[in-house]
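One chain, subunit A, links the two complexes that follow: it is found with subunit B in the first and with subunit C in the second.
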Partner chain A sequence: MTSSFRLPTGGRVDRSTELAFTFNGEALTGHRGDTLASALLANGVHQVATSVRLGRPRGIVAAGAEDPSALVQVEEPFPEPMLTATTVELHDGLVARGLPGQGRLADEPDPARYDAVHAHCDVLVVGAGPAGLTAALTAARAGARVVLVDEQREAGGSLLGAPERLDGAPALDWVAAAVDELTAHRDVRVLQRTTAFGHYDDGFVLALEKRTDHLGAQAPANRARQRVWRIRAGHVVVATGAHERPIVFAGNDRPGIMLAGAARTYLNRYAVLPGSEVVVFTSDDAAYAAAVEIADAGGHVAAVIEARAKAPAHWAEECARRGIEVRTGHVVTGTSGTDRVTRAHVAMLADGVVGPRTGIACDTLLVSGGWNPTVHLYSQARGRLRYDAALGAFVPGEEIDRASVAGSATGEFTLAGALRSGHDAARRALASAGLSTEGLPAEPELPVTDPEPPAQPTRVLWSVPDPDPDAGHGDQRFVDLQRDATVGDILRATGAGMRSVEHVKRYTTIGTAHDQGKTSGVIASGIVAEALGVDVGELGTTTFRPPYTPVAFAALAGRDRGVLHDPVRVTAVHDWHVMHGAEFENVGQWKRPWYYPQDGEDLETAVLRECAAARESVAMMDGSTLGKIDVQGPDAAELLDRLYTNLMSSLKVGSVRYGVMCGLDGMVIDDGTVIRVADDRFLVTTTTGNAAKILDWMEEWVQTEWPELRVHLASVTEQWATIPLVGPRSRDVLAAVAPDLDVSNDAFPFMTWRDTGVAGVPARVCRISFSGELAYEVNVPAWDALAVWEAIFAAGRQWGITPYGTETMHVLRAEKGYPIIGQETDGTVTPQDLGMAWVVSKKKDDFVGKRSFSRPENLRPDRKQLVGLLPVDGDVLLPEGGQVVEVDALSQPPVPMLGHVTSSYRSAALGRTFALALVRSGRERVGQTLYVPLEDELVPVTVTDSVLFDKEGSRRDG
Partner chain B sequence: MTVDIVSRTVQDSARRSPLGTYAGQLAAVPKGVSIREVPFLTQLDLRVEPGGEAAAAAERVLGVALPTTACTAVSGVDGAEVLWLGPDEWLVVAPAGQDALEGDLRAAVGQQGAVVDVSAQRTTIAISGPRTADLLAHGCSLDLDPRVSPKGTCVQTLLALAGVVLVVRDEHAGDVWVLVRSSFARYLADWLLDACAEYEDDPSWR
Partner chain C sequence: MQLIACPHCGPREETEFHYGGQAHVAYPAGNATLSDEEWGQFVFFRDNPKGPFAERWVHSAGCRRWFNAVRDTATHQILAVYRQGEPKPVVA
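Showing the complex of A and B:
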C-alpha cells in the first residue's frame, strides 16, 4: 500500500529533506513542503478515517481548507484534534491518526505560546495568488502601507498547483519576483501561513498566523506557535480564490474520489500522482487540465466523463492526442470499492433520466462541477451575493464599503482576468483609502499570459440521480461528507415543509462541520431549490460567519493566560503581606490579604486571633483598595447633597460623615465616608468593588443632568494608601508615629480628620471606625505606604500589633451590624431595610432616590429587613445564603421563605457564632425563633437586633 | 488642601515605586527595546474651561498653552509636560519633587477649576528603542506609525488589559511613555517582560 506515487522531478517539495512521520500507526516519510495529505498520497494512502455516523471509509477530497473529509488528530508533538490533513504541514516526528468525526483535547496544559499583534495598513490584501499579488504590488508601488496575508507556506495561490506561464516563463518566477519586490518595500508586510478568518466592520480583519507548527518538536519554545493578527485596514482586497464544487452521486464518498483541481495541485505542487487508473467526471472545462497533466505525468486516464453534450474542442483534441476517451452526455451514477474506489459506474443522463450503466475500473475518480468563488470574507462584511446562473455559483453582488473583491473570488476564472482584477481592485482600494495613484502608470504593467482556449459554459449539475435507489443500502449521495448527510436528508427536510436553507442546514446538519460547508453549502442550496421548484438565486445560501477556518481557543486566548489572564492589582504594601504569610482573597482584580495564618493556623483560628487583637489591643490592615474620589469646586457640597441620601453640605471642614448613595429606585448602591477638606473640596470613599462604578455614576449626573454645577471629580484611589489602625491601643500607636498630633479624644474626636506627619510622611489621619473600636485610618501617598506601614507595625509591637485581613474586617463590622454593600445588599435593599433610616435626610428637598422612598412598596412593613441571628447552639455556623423559614419541620414545597443569611461568622468577642440576615418584617421578629436549613436539619436561631456587640458604642473613644 | 510639610523621619529613599523591584528584569530585555520605570514624577490633574481666564492663568504657570487638540501633549517650562486627557482635563507631568506646582496651579485657577495631586496614582514606564512600536503592537490597538502618531501624541487606551496614558516622545515611535495605575504596574511589567520573550533570540532585536 505504500508504494511511492512521488514523481522523480518537479513540484515544490524539497526532496533533500526526508521527514519521518507516523499515520494511523504506520511509519511513513515525506518531504519539506508536503502537507500531511500530500505525503499520504505520495505513499499511496487515500483513506484517512471513517465517517462519524456511518463508519464509511473516507479519504482526501481537496488540497486545502475546504476539505470536508480528511480530519485528523495530531498526537505528537502535542495533541490537537480536528485538523484537516490538507492543511497540516508535514514535519519530522509528526504523529497523527484519522478521526471518525470527533477528536480529543489534550488533558495536559498546552506548553506552546500563543500571542496577538495589532497591525495597521492602508490596504490589506487577502490571498497571494495572481490577483492578490497584483493588488499588493499595485498598492505598494503607489506608496501605500500594505499587509498581504496568505494561508499557504508560500505565495502563488492557484499558480502553485498549475503549470501556468507568465511573460513566457514559469509563473512561479513571476511570483518570486513579486514577493521579492513586496518584501523590499519598507511599508509592506507579507504574512504567509496566515489565514484571514474574520472580516468585520470598518476594515477590521482577524487573521491567524501559524508560525511554528511546521517545525514540530523543533519549534523554539519562546516563539508564539500561532499568532492572531488584528488588522485594521483602510481598505481590504479579498483575493481568496475559488473552491471547486463537486457533483453529488451515489457512492461519491469513497477514498480515491477527489476534486479535479485538488489532483492538479497534488500533481504540480507536490509532485504526487494521485492514482494509477484515473477517471475524470466533469461538467466544466477546468478538469480537462487534470486529465491531460496526469496522463503526461505517467498516470493512466481511463476516461473523461463529460456531463455536457459536447466537450470543449481544445480539450477534446488534447485528450484525443493522449488516447483519453471523452464520453459526453454521460455522468457517474455510482461507484464500487471497499476501502477505495475501484470502479466508476457511468451512464448517459438525458432529460433527468439515467440510461444503462457501464463500469470503468479506476483507483482514482476526479470530480469537477465548476467553481464557487470564495466569498466568505466578502459576505462576512455584509456584502450581498448574486447568483450567477452560468457559473452555478454565488458571486459578490456589489461593491461594499472599504472592501473589494479580486480574481476568481469574483467569478473571474481566467489568469489574465485575475491579474487585471487584482490591479483594478488595488486602484479602488487606494482611492477608498484616500491615497494618490499618481505614481502608477496609466496602463497597468501586468505580466503577459499565454493564450487561453475558448471556454465552454459550465453545466450546473448539483447531483446525479441514484439509478438504484431501492438497493437497500440507504441514500449514498453524500452532500456533506463530514456529517454523513445526503440528498435524501435534504429531501426529508423539504418534505417536512422547510423552505429556508437555514432551516434545512439545521435539520440536516449540512455545513455545520469543521469545514462549514465549503464544498457542500451551495450544492445544498441547489438541491433544495430543485426540490422546491424555486430559483436558487432567490433561495440564496446560508450565512457566512467567522471564523473562515477553525481557530484554536488557545490562539484566541493568546498570552492572556495564567498570571496574565486578568490583571492582578496589588497595593503598595503587597510584598510585606506576602512576606508575612498572608493568604489572599480576590476582590475584583485586587489581591487583598484575607488573613495572616501563623504557625499552621487555619482560617478560623487566625481570624479569631486577629479579631481578639483588634478588640483587646491593636491591629492594622491594608485598606488601600477603597475607592477614593476627589470632589472639587464651588458646587461640590451641592453635588454631594444631591447624590447622598444624607446632608453633606452641613459637614464642617475637618470633619467626616458616613454616607449612603441610592439609585433612582431608592435602593442602596454604595456607602462610604465623606471628608470635607475645604469649603469647596471633599474626599469621598467608595467600596473597593464599586470605585469605578461610582465615579462613573457621579460623572454621569454631573455631565448629563447637572452640567451647571461647578464641580470636578477625580479618582484618587491609588494616590492614597489607607491603613486602618484599630483597637483600644491604636491611640498609643498613633501617638508614637505622629508626634506632632494631639491624639486626645477632645483634640481629635470621632469623625474628624487631621493632616499631620506620620513616620515623617505627610499624612491625613481620619478618626473613623468600621469595627466599633477606637480606630484611625492613616492615608499617605502610595509610594510612602510601605515605610509608614512598617513604622506603625514597629511602633505597635510593644502592644502586640496584629495585621489582619478582609475576613477579620468582615467579622468586626458584622458584630456591629455594619452592612457591606454587595453582601448584605443586592440591589433590592433600601437604607430603611438596613435599619439606617437615620441616614436618609428628611430636610433635603431632593436627592437621587428620594422619590422612591414614598412608594407604597418601599413603605410596606413586611419588607425584608436586616437583623441579627443567633443560632441557639452557639457552635453552629450558619451557611451564608441559607434560607430563613418560620417552621421547625419542612412541609411539602413550596416552603414559605422569610429571607436569607447574608453574613455568618464565629465571633471571638461574643464567644459564639452569629449571623446577619435579611428577614421579612425582621425588626418585628426580634426575639422570635426561626429556622435555617443546614444539611438535613433545621437549625433554630433567635432573631436579634443587627448590632450584636457594644450596642452602646462605649468602645468608640477608647 | 494644604498638607503641612513636616520633618521627615522616613527618608525619600524609603519611598517605593510600584516597579522598584522590577528594575533588574526590565533592564535585561532584548536590546531592540529598553524599558525602565521613571518613578515619582509629579502628576497633577488639571480641570479648567479651555480658553477661559483660569486656563490662561494655568498656562502662565506652565509656560505653555494647554493643548486643545485631542490626543496631544506639549512641553512646558521646567520639564513639565501637559497631556490632553479630555476637552477640559489635562494631566501635568513634571519632574519628581516639584511639590510647589500643585499650589501654584491651584492659586492660578482659583474657583474656576480643579487641581488634584495624582503623583502616586500612576507610575511611568519609559519604553524606547527601535522596536518600541513592535513591542507595543502586541497589546495596543493604536497605530503607532510616526506618520499617524507623531511626537506629541497622547492617548488614553488599553495596553494589554490595563488602562494607560500613552505618550509618544520622539519622531520615530522610538520613545514612548506609558503611564499606568500603580496597582496595574506589575501586571503590565509582567506582560511586557513576557512579550519580550518572543525576541530573546531574534537577531533583529540584538
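Showing the complex of A and C:
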C-alpha cells in the first residue's frame, strides 16, 4: 500500500505536518486536516471493516456522519469502539482498526474529563455552510445574541467539498470573512467540532463539542475532552444540509463504491483522488461534477451511467469535452470484486426490465440517487415532513414555533438559493425571538454566485432490480450496509403483512445502527411503498429521534461520575465515626453509622454488644439525620392539628408528643416527635428519608388548601445535631455533662424537653425514647456537635458508654414493636393496622386521612396487621420480606399468602431471634403457629403481640 | 425540555418543577357527611381530558411556590399560568 492518491496541491490539509498513524497494524501517514477516512483513501486503503452478519468487506461510503459502513475501533490513545472513520480526525499516534460490526469497550477507566455548559441565545444556527453562515451573519448584524454550531473542524459546510465561487473569488474566502465577522461580534459564539444532536421543546438544543479528540495524546489533561452544550435559544435555524441518497443495486456494498458527493469532498477538501478507474452511476445532476472534477484532477472516468433517458445538456457537453462516455437510460445492476470493486455491471433499464449487461472495469464506483435534506433536528422538535416527489425526499413542511430551516435542509440545493434562504430564515428567527430587523438593509447583501446550469429533474430510483435473482447467493442489494439488510429483507417484511415503516424497521433492523439510517431510511420507505403500491408520502418515514449522531455516555454523564454522581451528606460527627471504625449505611444521601465493629467483630456480634450496652448501661448514637422542620406562626398549632392524626394544639410548651401523619387515603406516610417551643412555634421531626417529602407535603397544604393559615415552615435538619443517649445510666451521664439541669424524673419527666447547657454549649434536651429505655435526645447546633459528642462520650466512659449505629437502633425499637415508616409500612398501612389506634384523635372533627378510616376497605377485619413473630427455633433468623403462610406443607400453587416479614433480628435482650410482620387478621392470630417458607423448608413461627420486650414500660423512667 | 413560566419567577426549565395533578379540586369541608363513594371520588379520581387541563405545579427547585397552569395534554403546550387563588383563565 505504497501508492499515494494524494494530489500535490489543493485541499484543506496541511502538507507541512506529517501525522503517523496505524491502521489494522500497518503504519501509515497523513496530514493535519485529514479524517481517518481521507488519510486511508490517500494511502489507497478502501476496505475498512467487515460486515456484522455476513462478514463482507466494507469500505468508505460517505465523507461524514452519514457513513453506514466504515466502522473502526480506536485503540490509542484510549480504546473507543464504533466510531466512523469519516468522523475521526487524524492525529499523530492514532491507532485504529476496522471492526467486524461490533467493537470493544475499554476495560480501564476513562482518564479524560467531560463537562457540560449552558448557553442562552436569541438565535441558534446549526450548520456553518452557506445557509447557516448567512443566517448567523444576518442575525448578528441585527444585534442578536447568536450561537453557531458546526460539526466540522472548520466552517464552510458543502463549500469545503466543492470548488464553488462567490463574488468571483473562491467561496472559502467568503467563508473566512464571514467567520471573522462573526467572531468579532461580542454576542456571537462560533463552536466548531460541535454537533447539535438533540432538538427539544421551546428552543432547547443539546450539542456535543469535541475539544481534544483531534489532539490525541497531546490533549492537555486540564481540558475537558468533550462537553455537552445545553443551549436554550429564542429561535433555532436548522441549516444542516443534505445527505446524498444512494441507489441500491446488487453488490452495492463493495469497497470502492462511494457516494459521488463524498468523492467530491475527498477530492476538493482532502486533495485525495478516490480511485484511478472511475465509473459514475447517477439519476441526478450533481454527480456529473464529481466525474468532471476527477477527470480534471487526473483520474480516469470510464463512464457515467445515467439512469435518466437524457443527460443534462450542460454536463453532457462537459463530459464529451473530457472524453467521458455518458450512457443514458442505463443502470448498474451489479458489481464484481473481492476486497474492492473491480467491475460494474451495466445494463439498459426500461419499464422495470433490465436488458443484457456489459461490464466496465473500475476500482471506484460513484453513486448518486439525489439528495435527502437533513431534517433530523427539525423533525425531532415535532416539525412535520412533506414528501417532495420531484426530489424523492422528505422536506420540512410548515414551520414550527421557534425553529426555521434553511439551505439544502429545505430541499433547496442551489448555492444562491441556500444563501437567500439562510437570510430569510434569520429574518423569521429575529421576528420570532422578538428582535428588531431595523438595522438590516431592505435588500439582503448576499454574495454573488456563478450562474448555475439549468437543472434536469432527478429520477427517483430506490433500487435496481436484481438481474440474477436465482444465482443462489441471496439478495445482495444492501439497503442498510451496517445491518446487512437487503431489499429482499424488506420484501419479506411486507410479504409477512407489515404495512408500517416502523414495523419494517424493527423487523429488518434497517436504520437501527450507529448511523440511524441516514442513507438507508428514505430508500427503505420507498421500497416498502413500491412493494405495497402506496404513495411514499402517505407511508412516511420512521421517526427521527435524538441523538443525531452517537454520543458517549461519558459525555452525557459529564462530571456526574464517581463521588460527584450523587451528593453525599454526612453529619457533623462523621469524622469521629470514621476514626472509631464505624461501618456506614446509606440512608437516602446520608451516610449513617451502621455499627461500630471492634476487634474483628461481625455485624451480628457488634450489634448484640451494642444492644446489651443500651439495655444494661448506656449507649449513644448520632441521630442528626432526622428531618427537622421549624413550624412558626399564630396558626402553627392549627396546621399540625390538621396534618397529624392526633391532637397537637393541646401540647404544652416544654412538652413533646409523638405523632403520625397520614395521606388522604388514611395510610401512614410519616411519624416523629413534635415539641412545642412556644405558643406559636413547634419543632417537628420526620424520618431521615422523608425529611424533604414531609416539608413539601406540609407546604402543599399550607399553600394550596389553607392559605389563610398564618404559618411558615423551614427545614432545620442540617442546623441541629441530635444525639440520643440511651440506657439505665443515661441519666448519670446527662447529669455529668449538664450540671445546671435537674435530671430527676419529677423535674424532667418523660416526653418533656428542657433548654440547658451541655458541655458548655446551649442545648435542647428531650426526654424521649425509641428503645423503651430511659433515654434522652441532646440537640445542639451542628457547629458544636463534635465537642458535645466527645464530652458525652468522655463522661460516660466510667459506665462503658457504647456508640451504636442504625442496626442496633432498629433492633431496640423492634423489640418494643415501634414501626419504622417505610419498613413496617408501604403506603397501604393505616395507624390501626399498626396497632396504633391510640394515636388517632377522636376529639378532632377532621384531619388529613380521617374520613378514609371509615371506608369499608379500611374496616375489614382481615386487613394486614402488625404482629410479632417468634420462630419456634430461636436460632432461626427469618429473612425480611419472607412470606407468611398458614399451611405446614406447600400444596399446589396458589398458596394463600397471609403477609410478610417486615423486620427480623437477633435480640440480646430476648436471647433469641424475633421478627415483626404484617399478617392478615394478625391480632386475632396471636398464639397461632404460622409458617415462613424458606428455600427448602417451612419455618414454624408463633404469632405474638408486636411488643416483645418490657411490655409494661417499666424501664422508661430508669 | 420545556420552559415553564412560573408566575413568580418567569420562564424556567421544566426540571425545576413538580407536577401536582388536577387543579381546583378543593378539599371537601365537612367531609364526614360525604358518602363513601363521594369521598372515594375526591381521593382517588381525577379528570383525564385530551386538550386543555388546569393543573397544579410547584416550582420546587425555585421559589417553592405552588401555582396553576392550563396545559394542553395532547401537545404539552402550556396555555396559561396563574397564581394560587386566581381564577382559571379562559383559554381558547
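Operating definition for what follows: the second predicted complex is superposed on the first by the 950 of 958 C-alpha atoms of A that agree within 3 Å, B and C clash if a C-alpha of one lies under 4 Å from a C-alpha of the other, contacts with A are read in each partner's own complex, and residues count from 1 in each chain.
We adopt the following convention: a residue touches a chain if its C-beta (ideal position, glycine included) is under 8 Å from a C-beta of that chain, and two chains touch if they have at least 3 such contacts.
Because the structure is predicted, anything quoted here is derived from the model rather than measured.
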Q. Who touches more of subunit A, subunit B or subunit C?
A. B
Q) What is the contact status of A:Gln632 with respect to subunit B (first) and subunit C (second): first, second, both, or neither? A) first
Q.
Is A:Thr50 touching anything from subunit B or subunit C once the two structures are fitted on A? First, second, both or neither.
A. neither
Q: Once the structures are superposed on A, label A:Thr571 by its partner contacts, choosing first (subunit B), second (subunit C), both or neither.
A: first
Q) Now for A:Glu700: first (subunit B), second (subunit C), both, or neither, which partner does it touch? A) second
(Q) A:Arg851 in the overlay: touching subunit B, subunit C, both, or neither? Say first, second, both or neither. (A) second
Q) Which of the two partners, first being subunit B and second being subunit C, lies in contact with A:Ser655: first, second, both, or neither? A) neither
Q: Answer with first, second, both or neither: which of subunit B and subunit C does A:Thr942 touch in the superposed model?
A: neither
Q. Just subunit B (first), just subunit C (second), both, or neither: which does A:Asp115 touch?
A. first
Q) What is the contact status of A:Glu718 with respect to subunit B (first) and subunit C (second): first, second, both, or neither? A) first
Q. Overlap of the subunit B and subunit C footprints on subunit A, residue-wise?
A. 232
Q) Which positions of subunit A touch subunit B when the two form their complex? A) 113, 115-120, 145, 220, 222-224, 230, 232, 559-560, 563-564, 566-572, 575, 590, 625, 630, 632-634, 677-678, 680-681, 710, 712, 714-720, 740, 755-757, 759-762, 764, 781-788, 791
Q: Using the touch rule from the top, collect the residues of subunit B that touch subunit A in their complex.
A: 1-10, 14-18, 21, 39-40, 45, 47, 111, 113-122, 137-143, 145, 148, 160-162, 181-184, 186-188, 190-191, 194-195, 197-198, 200-201
(Q) List the residues on subunit C that touch subunit A in their complex, please. (A) 1-3, 14, 20, 26-27, 31-32, 34, 36, 39-40, 42-44, 56, 58, 60, 64-66, 76, 84-85
Q. Hey, which residues of subunit A end up touching subunit C in the complex?
A. 200-202, 204, 232, 664-665, 696, 699-700, 703-705, 707, 845-846, 851-852, 854-856
